[in-house]
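Note that chain A is present in both complexes that follow, paired respectively with chain B and with chain C.
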Partner chain A sequence: MALFARTLSNAVSRYVLPKYDAILSSQLQAIQTRSLPIVWSSTTWHQEFYNSKTDLVDESEERTKYLESKEDFKYVERLIPSLEVPEPPKHDSYPTPSGWSPPKGSPEGLPYHVRRTRYHSHPVSIQQKHGGNQIWTIVKNVDGDIWTFGNKLLEHLEEVKGAEVGMTINEYAKRVFYKGVFKDDVIKWLENEGF
Partner chain B sequence: MGSMGNRKALEMVRSMPRVSFVNIRDNPGSKKQKKIRGQGGSRGGESGRGRSGKSKRDTRPPIGYEGGTTPFYLRIPMFPFYKNFATRRQYLPVSLEKLQHLIDMGRIDPEEPIDVTSFVHAGAVRINVFDRVYGIHLTDEGADKFVAPVNLEVQWTSELSIAAVERSGGTISLGYYDPQSLDILSHPLQFFRRGQPIPKRLLPPKDLVDMYTDPSKRGYLSDPNQIKEDRLLLAQKFGYELPDLTKGSRRALHRLRKDPRQIFFGLQPGWIINLTDRAVLKPVDAELQEFYRA
Partner chain C sequence: MFSRVLQRVCRQSYVNNQNVQYVLPVCRGCIASRFSSSEVADGSKDSATSPAFNHGSESLVLEREVACPPHLQKPQAWLESLETRESKKLAIVDLHPDVFGTFPRLDILHRNIEWQKVYKIIDVRKEKTRAECSGGGRKPWRQKGTGRARHGSIRSPIWLKGGKAHPPRGGRTYWYVLPAPIRAWGLRIAMSIKHAQDNLCIVDSLDIPSSDPQYLEDIAKERYWGESVLFVDDKPLEEMSENFMDAINKIKTYNIISTEGLNCYSLLKHETIVMTLDAVNFLELRLMFFTKQYGSPDLRQDLPILRSQLKMDPHRGRSYSSKE
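Showing the complex of A and B:
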């Protein structure tokens, strides 16, 4: 039992059970002797498996038996993460309980367009600098005429604030910066525009 | 950037002559004069250190010295604000609002049981057990908007979150994962690649036993009958009608619970995963089976 207890003591170091070593060395042999299609990126085994100096496998000892089950692999498949962001499922009504709705579609002839992020949300964020003394609301992914877009939204935000609002446009990066906290107002405005 | 003063400044600059090396200079205070020894004009001689004294000879007392009286930083008695700070357990927060959002966006499947792996794969948290993270804390922000019926397992929560989940027709339980098991649970594919047998999940340490055996917190080691009673009490306390989980299509989902020694659903400790052959290897040896079932 002390031998088995050591197995649990350290996940990172190789386990000491000679019987489980035997299973793996036989697995490794099987992999080395045939070329297999790579399902995930190449299987990386722990460094110490290749270290013959600490090899405790006694070749004369009988290897432990095991059962192979392909049916139970479905529980493993559930645990493999997807590498792509999934498309949001279709809901009966929008906005969803969390407040999300897909883009309605902007009217034709609009000189600008604001793309959604890869996670299907609006590209609006808050940037804080100098310990919070400088707060900017950033709108990204503005395609088309960024100046018209920036000025139009600036008009709306100045109405909301009731005072002048600072604005900076980075044409190359397709971003517009507004001085202040206007995230919710900007998102509402974008949804009204159909983005 | 684009404020009123800067706009005016830009207008002024437009009317000024071209900027060149002739008409610009450094801002005052941006370049500090270096100390010069010997005959260095105005900055030489004493090199800015003044006449004889402690300031010239670098024998000033330490910072905070108050001329002999006990300094402020020694008068105030020490209080162990940060004692054992590095050993304290952390639970990463995920709000009910975030969970609802992830379900709405299809990044978490409400038809399957939700545990730490689901949150990590959805991108809600990044768990590093070496930061003494012991799991997920379900916060109650967005409790009003939460409507998804889920089978949820987290490591810390509040009464309001439990009420919000149960009102929506879901179940919630608190499950303890020791750091090794939590690491495996958060990064399952990396663990399977190691080719090691799935370890047994350890039982909670002494100071956490009370929490995980408490039915009012829905601990995984508590009596299910007491949990049933507590669900009714909570519904009465918060004033909602408790949905019947024994009826409906989600009946089977809500009954799913992990064994206290189990890390993954459907996979038992002692099994090895063979990713290349898409198979699961199970030990046949009686001693091993007895050990892993203990």
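Showing the complex of A and C:
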């Protein structure tokens, strides 16, 4: 117990504010000299320390000064996650193991262009309605001449299917809808075009 | 139907959607009449990339990095000055095609303006329910035997002068918050329309030599700005130049707004928008941010927290450490 009290007083005197050091060490001395074993309950300890406020807090004494430093905030700043979707890292070879490759660049003079999504993927999706009875493949972000694009891709998809494919073009929203499930075919075709 | 709408709203450039070779945003036939005080030679209408100016050895195109996909044509605008009454063209400025040349989605613009009109409404109409009408506590006649319909109270909703079944009850709000990406998109559309219709003027700064309001009116007349002008700067209102504020305060239809308060309604209400280059720089970054940010809500809340609590603004180049 005496050893514990001594190590505690050493620890306390090193890290606690200087003006409380004398008071604490005197209290610890008083505890050390007691013959009965002490139950270190939190209530006993805090009652002895904080109840007698007038002894501990001396308003006339100058408060300890402190310096505010923003030096170490840079370690926090670098942990803040990026707000925008980052550019993908450069790989040695494409396609990557997951099948992704960056846009090759379409030839100049092409009347249309299909932009990638913010996550650097192709803007192709499947829409299902009426419990799956109606399935459409949607291509979005089509800049330029959307009709030429739509008809060209339609030709390719009809070849793939071997039959007619329904198409709807929404010029205003820059989207093309194809009736059926053609997501993989469309993505391959877009990659060949260089988008 | 849409093509008719588009022709009314914007120039032919939008129909073919950014693949058309156009450089200057104005109707080519109108250059000479529009900017009568400029020094453009008539023969330079088609070769807009190398216009014939008497600017000596200074380069005309302002070097400005615009991070946009390479297949898009960058719209361009004149950089002007308000320091002299005569129109003085300092340089040509490249603009971001998704901010000043985006497809004019009128439905998105409509959503923005409807939201601005509606979200502030508090409807204080109040009407009485059957409990609040005076009387009507007693059963008017006995249940059976009179030959008349059975009723419990003379103030029920089916009675004349009775209470209303589901009345308006005082404070009803029409408040809702339009998602930030839709609001940013609306601003991009409004600014693209203004630029296409030749109602956008970019200036280096809003400093004027005198606080005489007549000076600003002369400038507007010289440059064909029209009746109402909205000045946009990136500073808060307290930091704007006093000369300018004194002049603006005396003219009812000329208004100034900070980029913080920029909104679709004001952009459409005023005929001409005069924007500083600082405002253009900031708006390009901030408005394009919403097209690139993550979709999940927990990541989307980081920007407002950074701005409000840490005073970090990534689009004004203000990080926490540099604020010291």
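The working rule: the second predicted complex is superposed on the first by the 115 of 195 C-alpha atoms of A that agree within 3 Å, B and C clash if a C-alpha of one lies under 4 Å from a C-alpha of the other, contacts with A are read in each partner's own complex, and residues count from 1 in each chain.
Methods note: a residue touches a chain if its C-beta (ideal position, glycine included) is under 8 Å from a C-beta of that chain, and two chains touch if they have at least 3 such contacts.
Please read these numbers as outputs of a predicted model, since none were measured by experiment.
Touch criterion met: A:F73 reaches chain B and chain C at once. Contacts of A:H91 after superposition: chain B is touched, whereas chain C is not reached. Of the two partner chains placed by the overlay, chain B and chain C both lie in contact with A:P81.
Taking chain A as the reference, the larger set of touched residues comes from B, when chain B and chain C are compared.
Contact with neither chain B nor chain C is seen for A:Q128 once the two complexes are overlaid on the shared chain. Residue contacts after overlaying the shared chain place A:H120 against chain B, while chain C stays out of touching range.
Residues 70, 73-74, 80-81, 85 of chain A contact both chain B in one complex and chain C in the other.
The touching residues of chain B, counted against chain A in their complex, run 1-4, 6, 97, 100-101, 103-107, 112, 117, 120-121, 142, 145-148, 180, 183-184, 188-189, 192-197, 199-200, 264-267, 271-285, 287-288, 291. Here chain A touches chain C in the complex through residues 70, 73-74, 77, 80-81, 83-85, 106, 111, 113, 115, 118, 143-145, 171-172, 174, going by the rule given at the top. Every residue of chain A that touches chain B in the complex is listed here, in rising order: 1, 4, 7-8, 11, 15, 19-20, 23-24, 27, 31, 36, 39-40, 43-46, 49, 64-70, 72-76, 78-82, 85-89, 91, 96-100, 119-120, 136, 164, 166-168, 177, 179. Across the interface of their complex, chain A is touched by residues 2, 16-19, 69, 71-72, 103, 105, 289, 291-294, 299, 302-303, 306, 314, 319-321, 324 of chain C.
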